[in-house]
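In structure tokens below, several structures.
One chain, chain A, appears in both complexes that follow, with chain B as partner in the first and chain C in the second.
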Partner chain A sequence: MSVEIEGLRVAVGATEIVHGVDLAVGDGERVGLIGSSGSGKSMIAKSLLGLLPHEATPSGRIAMGDAVVLGDDGYADERTLADLRGRYVGTVFQNPAAALNPVATVAKQIELPLRMHYDLGAGEREERVRAMLDKVGLPQDVLNKRPHELSGGQRQRVGIATALITSPRFIVADEPTTALDSITQRQIVDLLVSLVDDAGASMLFITHDFAVLSRATTRCYVLEAGRVVETGTTADLLTAPKAAPTRDLVSAARTLTLEAHHD
Partner chain B sequence: MQRLRVILRTMWSRGTGRYALVVLALWLLVALVSLFWTPRPLLATDGYHVWAVPSADHWLGTDGTGADVLSWLMAGSHTNLVIALLTVVCSGALGLLLVGLMVARSSALASVSVAVVDALISIPTVLIALLLAVPFGASAAVVVGACSIAYGLNLARVARPAALLAARSQYVESARADGASGLYVLVRHIVPNITPVLAVQLSMSAGTSVLAEAGLTYLGVGVGAGVPSWGHSLATSVKLINVFPLTVLWPGLIVTLVVVALNLFGDALRDAADPVANPALRAGVRGESADAMPDTLQAARPSLRSGIASADSPLVAHGTKEIVDER
Partner chain C sequence: MRFVVRRLLLFAAALVGVSVLVFAALRILPGDVAVVMAGTNASASRVAELRAEFGLDRPYVVQYLDWAGGLLHGDLGMSALTGRAVAAQVGRRAAITFPLIVMSLVIALAIGLPLGCAASIARSPRLRGLFHVLAIAGGAVPALWSGLLLLLLFGRGVGLIGLFPSQGFPADGWGDPARAIASLILPALATGFVAAAGIMRYTRAALDDVAVDGGPVDMAMACGMTRTQAMLHVGLRLATPQLVSVIGLTFASMITGVMVIENLFALPGLGALLVGDVGNRDLVAVQSELFLLAAFFLVLGLIVDLTHRALDPRLAAEEE
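And now, the complex of A and B:
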């Protein structure tokens, strides 16, 4: 599913945080959005499905496939949005420890989008959840465990399973690897990429880490203080960054990688 | 079912939990039995044996009319059980409704409901009871009504921080991103995460309803005249406490034992029903689809204050004072 953002502005109170961002994700394309903390990445991610905090006011245009999410009259009605959320659009969150309900079992969490959007029996839901566990490489016995009994990587696999259980056409990955160690980061990125490609879905991958981005995306946007400062293929940006924020991000990724090699 | 068994077994394995379970089971049993049988008919009085000390005929003695104290206490256990259960149900419903409003995503609705709860919570329970007694007269409904309003408000205020934490959490955001509605989030995500607070608060409100019944009946706005209740037994015997102290001892002792049991029950239930704190539950429920259960993080420590406050025999006065203090 293609996604188009045109002139998106997000203001919280009197302060504008996102100053007119244009961004497009083609059908089946994996696109990155990179920027340092506070550049407005998460605000853009939340505005995609109308999940901004109450005090934030967005304007501009967001379209997903045929549906207009944000138009001149503000957001589409709650029904349209609820239909997109979890059914056509899956979201993977940054911190899997916080994004999972501490008191609900893994089975309950993964089947949530199915419960919300499809009229399936309990047996059929469990069958799909079990199949999904295989896909994300989790053992079947995690089904009745709760989040605190899983490792960080396992939790993020649960997050990915939840996002992908309904075979959505578009995935928003909001810093899915930031809370993980570097080896787990690589596994999670590779898993996400292979599942998204297998499903033929498109993805917006948000991160501050170029090293991760180069594995996950083909094209990317660099965000700085609420504005897109550079865009191009991920490989080009990595080898020949033009804008200053891009150079900083690329050199940060290199330094960290080098340090990792010295250890 | 299996989960219930594991929870009960865990509660039983601890001294306080065992005490609570035994006392509450006895209460339930006596209340049931009293529906069909009491040692003496309630209205059978013996004018020659008033204020009698315990004997083979009257195990706990007689009161000022010569009626059997044990029979009246047994029948009273039934009234107090109904009052306590209704209080838990009504205050729980009111409390959850208010919690739902207080954590609403609309900030106007949330701040108005917080202000209203804070304003209403300052009204003493006794005053609410006196106001309710105007249209309803002295009846159990007054006790249930006053307790439900007071403890419902209290519950809402105590549970609000935990509920707010859950409502603003990433897992709620993530559930909304999966297409969950506001009501679904409230029922499936917020309520399970405040269950520890609910368990403690609701069992305390059951305990305090027993104290409130005693206090309000003494004031004349509790259960009606001639209706057996522990408060009634206390009120009728307390007038001659200096002459016949023993008659006051029995209802006082029962109220104390039951209130302490209810408070400990909430504590033990919270510890036992929490899959994070109770490994037996995790091991036991595997393979069965377990519903969401409480979390340790936001559990509020209950106090035994209200349970211990009424240990002495001038109990009715204490009971009344306690209600005032509680607000």
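And now, the complex of A and C:
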């Protein structure tokens, strides 16, 4: 599913955080949105589906496939947005330890989008959840466990399974690996990429780390202080960054990678 | 399981501690029932005689053990003044006070919980502001004042529309439940309204707390729930342990809160009994009554802690 953002502005109270961002994700494309902390990238991710905090007001235009999410009259109604969320659009959160419902079992968590959007029997839901566990590389015995009984990597696998259980057409991954160690980061990115490609879905991958971005995306936008300062293929941006913020992010990624090699 | 055992042991220790404190506090208080009974101009020998009669001349340790031993098998002692069993007195009064507290709490929850949820879910600044004002204004009204207002509006005989009895409790107690309940409605509303404002504020705060950025409520929305659904299904469930504590505390504060209201509506409840017995220096009665109150607080705390634990699987995991 293609996604188009035009002139998106997000204000929190009287302060504007995002100043007119244009961004497009083609059907089946994996696009990155990179920027340092506070550049407004999470605001963009949240504004895609009406998950902004109540102090924030967005304006501009957001379209997903045929649906207009944000238009001249503000957001589409909550029911329309809720129908998109979890059905056509899957979201992978930054910190699964915080996002997963602490009192729900893994089974209940992963099947939630199915419950919300499809009229399936309990048996069929369980069948799908079990198949999903295999896909994300989790053992079947996690079904009745709760998030606090899992490792960080396992939790994010549950997060990915939840986002992908309904085979959505578009995935928003908001810094899905930031809370993980570097080896787990790589595994999770590779898993996400292969699942998204297998499903033929498109993805917006948000991060501050070029090293991760190069594995996850083909094209990306560089965000600085609420504005897109550079855009191009991820490979080009990595080898020949033009804007100063891009150069900083690339050199930060290189330094980290070099340090990692020295270890 | 270890937690439950530890918590029960703590509870037992607290009961013993409270009994010692109550006993000691009352010995520090000046005067005793003998002085009060003998009257202002009584001779010292008459007072000593009465003291001996009530066993107040024995060493404190013996008095304490005698009293505490009685408590162990449910004997609260005899009132020195009326000669009747304290347990019977307390029982008769509690049959008014406890239904009153429970009714107040039900009213407070029925009003406070939905309003608190609405206040947390509301998105428009104007609506949020309105709920904010409501919570603060509601909490600022003293129960005594809302009680008076209710009396003047709905009290039979004194109010604009005399809907409910305004004073006293039926002489035959709960013999006619409808009449008994009717006489508790206005006082229950008076305390319930004030507590509702508190419950509303706490409910909103608890829901705001669990609805953190990138938390389970956002996750539920990302799975396809509307904000309202996510707050009511996931948020409320996650806020429940906090709300249980709040309800426990509200219950506890009502025990003292209703005493004022009982006075206004001339209800012969526990409040009047305790105040009367303290005035008369009826030591055994006061100490048993205070002990019962304290024990009740402790039981509430115990219930809240155990419920808390049953509701949050993470707490059990942290301890392992």
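Brief remarks follow.
In this text, the second predicted complex is superposed on the first by the 263 of 263 C-alpha atoms of A that agree within 3 Å, B and C clash if a C-alpha of one lies under 4 Å from a C-alpha of the other, contacts with A are read in each partner's own complex, and residues count from 1 in each chain.
The rule is simple: a contact is a pair of C-beta atoms (placed from the backbone, for glycine too) under 8 Å apart; a residue touches a chain by one contact, two chains touch by 3 or more.
Keep in mind it's a predicted model, so treat the numbers as computed, not measured.
With chain A as the common reference, chain B cannot sit beside chain C without a clash.
Of the two partner chains placed by superposition, only chain B is touched by A:144; chain C is not. Of the two partner chains placed by superposition, A:131 touches none, neither chain B nor chain C. Using the contact criterion defined above for the overlaid structures, shared-chain residue A:108 touches chain B, although it does not reach chain C.
By the touch criterion defined above, A:240 lies against neither chain B nor chain C after alignment on the C-alpha atoms of chain A. Within the superposed three-chain model, A:79 lies in touch with chain C and out of touch with chain B [touch as defined at top]. Of the stretches 23-31, 77-85 or 311-319 listed for chain B, only 311-319 runs into chain C once the two complexes are overlaid on chain A. Judged by the document's definition of touching, chain A residues 49, 51, 54, 82-83, 85-87, 91, 93-95, 98-103, 112-113, 116-117, 146, 148-149, 162 lie at the interface with chain B and also at the interface with chain C. Every residue of chain A that touches chain C in the complex is listed here, in rising order: 49-51, 53-54, 78-79, 81-83, 85-87, 90-91, 93-95, 98-103, 112-113, 116-117, 146, 148-149, 162-163, 174. Remark: chain B residues 105-107, 169-171, 173-181, 184, 188-189, 192-193, 195, 275-276, 282, 285-290, 292-295, 297 touch chain A in the complex. Chain A makes touch with chain B in their complex at residues 49, 51, 54-55, 82-87, 89, 91, 93-95, 98-105, 107-108, 112-113, 116-117, 122, 144-146, 148-149, 159, 162.
Interface of chain C with chain A (complex): residues 123, 128, 212-216, 218-229, 234, 237-238, 311-314, 317.
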